[in-house]
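One chain, chain A, appears in both complexes that follow, with chain B as partner in the first and chain C in the second.
The block that comes next holds the complex of A and B.
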């Protein structure tokens, strides 16, 4: 092992750890994660291939993936998540842009970050509850619309796809905003200035310079928001009143109502596979971008 | 922007209503719902369970996460990327699947629906937060200080405790706060190993909200919002909220 001239990234500079040191330090974390993360997941995957009476089978996957009910739930989950991602992007990008380019005073940014992060530290249920109060039949939205006279019967906003999209987009918005913020901050302002100097209007400078440079953050944020949205259980469960079926709710039912752990395991693996696919594609995209840059 | 604060403000507002049902804007102001919650022994029990769980999970996450982050930051080895992806993956994988997996696993091993089943799930859930903030902090340490210490004869252990740890203290504290609060508010992992006696506050709320939408619910929810504000302020004081939010390795990617 060379002991001089170490590269800067990913370890190398700073404290020198022997392999023995590193192994010792990693022992605890690795053991814990193998025992209580990999093993349980492995068990779940194994279970998805088993019949209730023992014996290996692909039957669970066949029945789950060919059953219209489960399939529809999966499509529903993906569609809702797509909407959530789009809404989170449409709301989040302007907000991120505003924070990075237009909030100049430090205390302003602090306040905004506090506002952004506080919801992240409240439980999903609390945030869902807030939306129930706002969107319910006797809620704020309906009360206002009725008072103004725009409608004469309360709307059923709650208990449908719309309320789920609103609720999930709300919960995941901070993640999108933070992701875009972190990349917008690194945009080289001189490039924007150069565009303006060359005669571009602000909107053109944005479209041609700023936005393309911010795409990595947009993509990263979108993939994470989509993945978390596909996995969401609490919000769809509470805000749809049982009328919308998404895969996480189905999974929960297998353990709470229908007592089919084999189906539950299969559905879980399907959900896991979808999520891993998303995260994997993000990592691959990101690696390519890294290689392109440096 | 208001969109972000609105639902939370609404919850806080209605928790004060004097009426028996939910009204917004609240009619009359009263603290009686808060008193009612405080007087309910099952809520107190759930509070204690949530607290013990979060504390235990956070402590363990620190013991596991900080050493792991140190190795990732200071040692190059072949599986580094894979391992760090593994440790950070609970942040983006479906937590409901984690809950299910732990339930099955614990059932097979005989400790399902116990505090320990909840515990191991929560540790896996929150360790990534500790690793994330610790990694960010470690990259800000002046490497020459550590090298100098070792050149002068300090062991890695001494170097870590005398040089590194003081410099990363803020990040570790922020990580601990992230870990604690995320354990506290979690539903999807807790719900599978809870029982009628062993229940956390979020699970209790979740069960409650299926049947009653009333001001008591608002009071408990409002209380959690106050706690959230406190935690965010604490993180801001420790590390600076902007740094914690935007410059962590995950969002930096």
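The block that comes next holds the complex of A and C.
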């Protein structure tokens, strides 16, 4: 029997996604991306090269990059974001480890995930004000410390870098935890057993095997947390009390208060460029290890 | 002292489930011993208990006379080759192999030497710099082996190490494992569900069922003289003929057949199994008093390469398989023919059900 004489299966042909079909299906998402992301971003970049009277100029960049005030805000932003990332990692990793390795019942794990996610359903503004209640001069922290007698004057925790870092780390912690959990779950338990079998104490097995294999989750989580911290506006503006300046607040002021959209656009582009540069070098730093892991 | 590992009435329960129901086993230094049984028989649990990953409910394991109760896996003088190899994906083959020696805080030069030796031992010279994903299944298996033997353990534990390989590679690795065992003089404790694998490699086989060892002995011993119907069925191919026992204790092979030379092993047994290997069944009538002859109808004849395989039915409906070898007589047989078959009376075993 000649096999090539068989009729072509109709169903098989119809199920296959031809490139024309794929293009058609992608039309919606592409249009959305172009209309609401690429085009506004193009406009923003164009704006940053524009003089108030309409001419093209590099002057906006010159004035932004030569002004120490803008630099201070940028460094402040990056520093706060770095701390937020570090704090979220230091709190998030043990939590993720606990969830993955010590909560064995599926419903227990589900419950923890729900608890982790619940704060995300509340407005950031409400949660920021929550921190004011906790951290304020007459807040819970100071009241407790005073009552115990550890301090005799209330500490200035609120309205500074510390309170912004606390507020942001608190809000972004679930993202870090979920990101680490998703990778930690996939770490083959027999690899950890193999390490123990080959003479590693539990701590050594963690350092040599579990942690390196969970690195992709740590990298992904820290990039998301860092990026969201850099662009955060609500938390810094409520918890800075006007004493700390970060670039997103500055950008907002350019548009809403000083009516300099060109400077606002320039600041946005600079912030984006610097962030991308940092994330890029971070990825390059881990690239070899990440490739080895998977 | 000859016994390197002594397992003494080991019990492991997981809630209501009993994984090990009082296993005792003494492993001699330098022997290749296989734990054989179907999945869920407790063989892997026993291996993991020796490795230190399973805390027994009761009973004891001694290695070199030292009780292992409460000794963590990293402090036990054993190493494991895991089922799916469990190679560290973020380390090269050499780094994988060096993991154990590094934990022992050997000098770097010494570690390097040992790693090279281990690579050579498994035939992977020059591939040390490769990552596991850059190696074939067989090569990964060798790295896993090298990673374990480089530590010179008292006992090498192998948890179905060939299960992930295809048939051809598996056969080759069986030969190599056996060679490695002889070369190293190390004690191997090998877990498998594949009876052929156990027969091909092990000095002694412990056949396990429902958390207990039902028979322990060399492959030939177990094959020729299975202790129970279960063992006979599990090791090799066996015809198990269900037989009546009459009032005098004589075993009747078929309802109306001739008297048989077999007697029931225990008094009062009403029914026993008679085990005959297919290769023991010959064609033709009885040639002497030490032969057992029966009449049967040929149901099917299958050519299996080196011989024909005959499926025969007795008058009472019980079926047996026979591999009488090639002859013109066999060639001429056709399904439906009535034939005489016989076997030497010592070729069959009476087993209690």
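Couple of notes before you dig in:
What we mean here is this: the second predicted complex is superposed on the first by the 256 of 294 C-alpha atoms of A that agree within 3 Å, B and C clash if a C-alpha of one lies under 4 Å from a C-alpha of the other, contacts with A are read in each partner's own complex, and residues count from 1 in each chain.
Following the convention adopted for this analysis, a residue touches a chain if its C-beta (ideal position, glycine included) is under 8 Å from a C-beta of that chain, and two chains touch if they have at least 3 such contacts.
Bear in mind the structure is a predicted one, so any value in this text is a computation, not a measurement.
Once chain A of one complex is fitted onto chain A of the other, the partner contacts of A:213 are limited to chain C, with no touch recorded for chain B. In the superposition on chain A, contact of A:190 is made with chain C only, not with chain B. Within the superposed three-chain model, A:268 lies in touch with chain B and out of touch with chain C [touch as defined at top].
Once the two complexes are overlaid on the shared chain, A:204 sits against chain C while remaining clear of chain B. Of the two partners chain B and chain C, more residues of chain A are touched by B. Residues of chain B that touch chain A in their complex: 1, 3-8, 10-11, 14, 22, 24, 60, 63-65, 67-68, 70-77, 80, 83, 85-87, 89-90, 92-98, 100-105, 108, 120-121, 123-124, 127, 141, 143, 146-147, 149-150, 156, 159-160, 163-164, 181-182, 184-188, 191-192, 201-202, 205-206, 209, 213, 217-218, 221, 224-225, 227-229, 231-233, 235-236, 240-242, 244-247, 251-253. Put simply, chain A touches chain C in their complex at residues 188, 190-191, 193-201, 204, 208-209, 212-213, 289, 292-294.
Looking at the complex, you find that chain C touches chain A at residues 51-53, 72-75, 78-80, 82-84, 86-91, 99-100, 103-104, 131, 147-148, 151. Chain A meets chain B in the complex at residues 10-19, 21-22, 25-26, 28-30, 32-33, 35-41, 43-44, 47, 91, 95, 109-110, 112-119, 121-134, 136, 138-140, 143, 170, 173-174, 178-179, 181-182, 185, 220, 224, 227-228, 230-231, 233-234, 238, 248, 251-252, 255, 261, 264-265, 268, 271-272, 275-276, 279, 283, 286.
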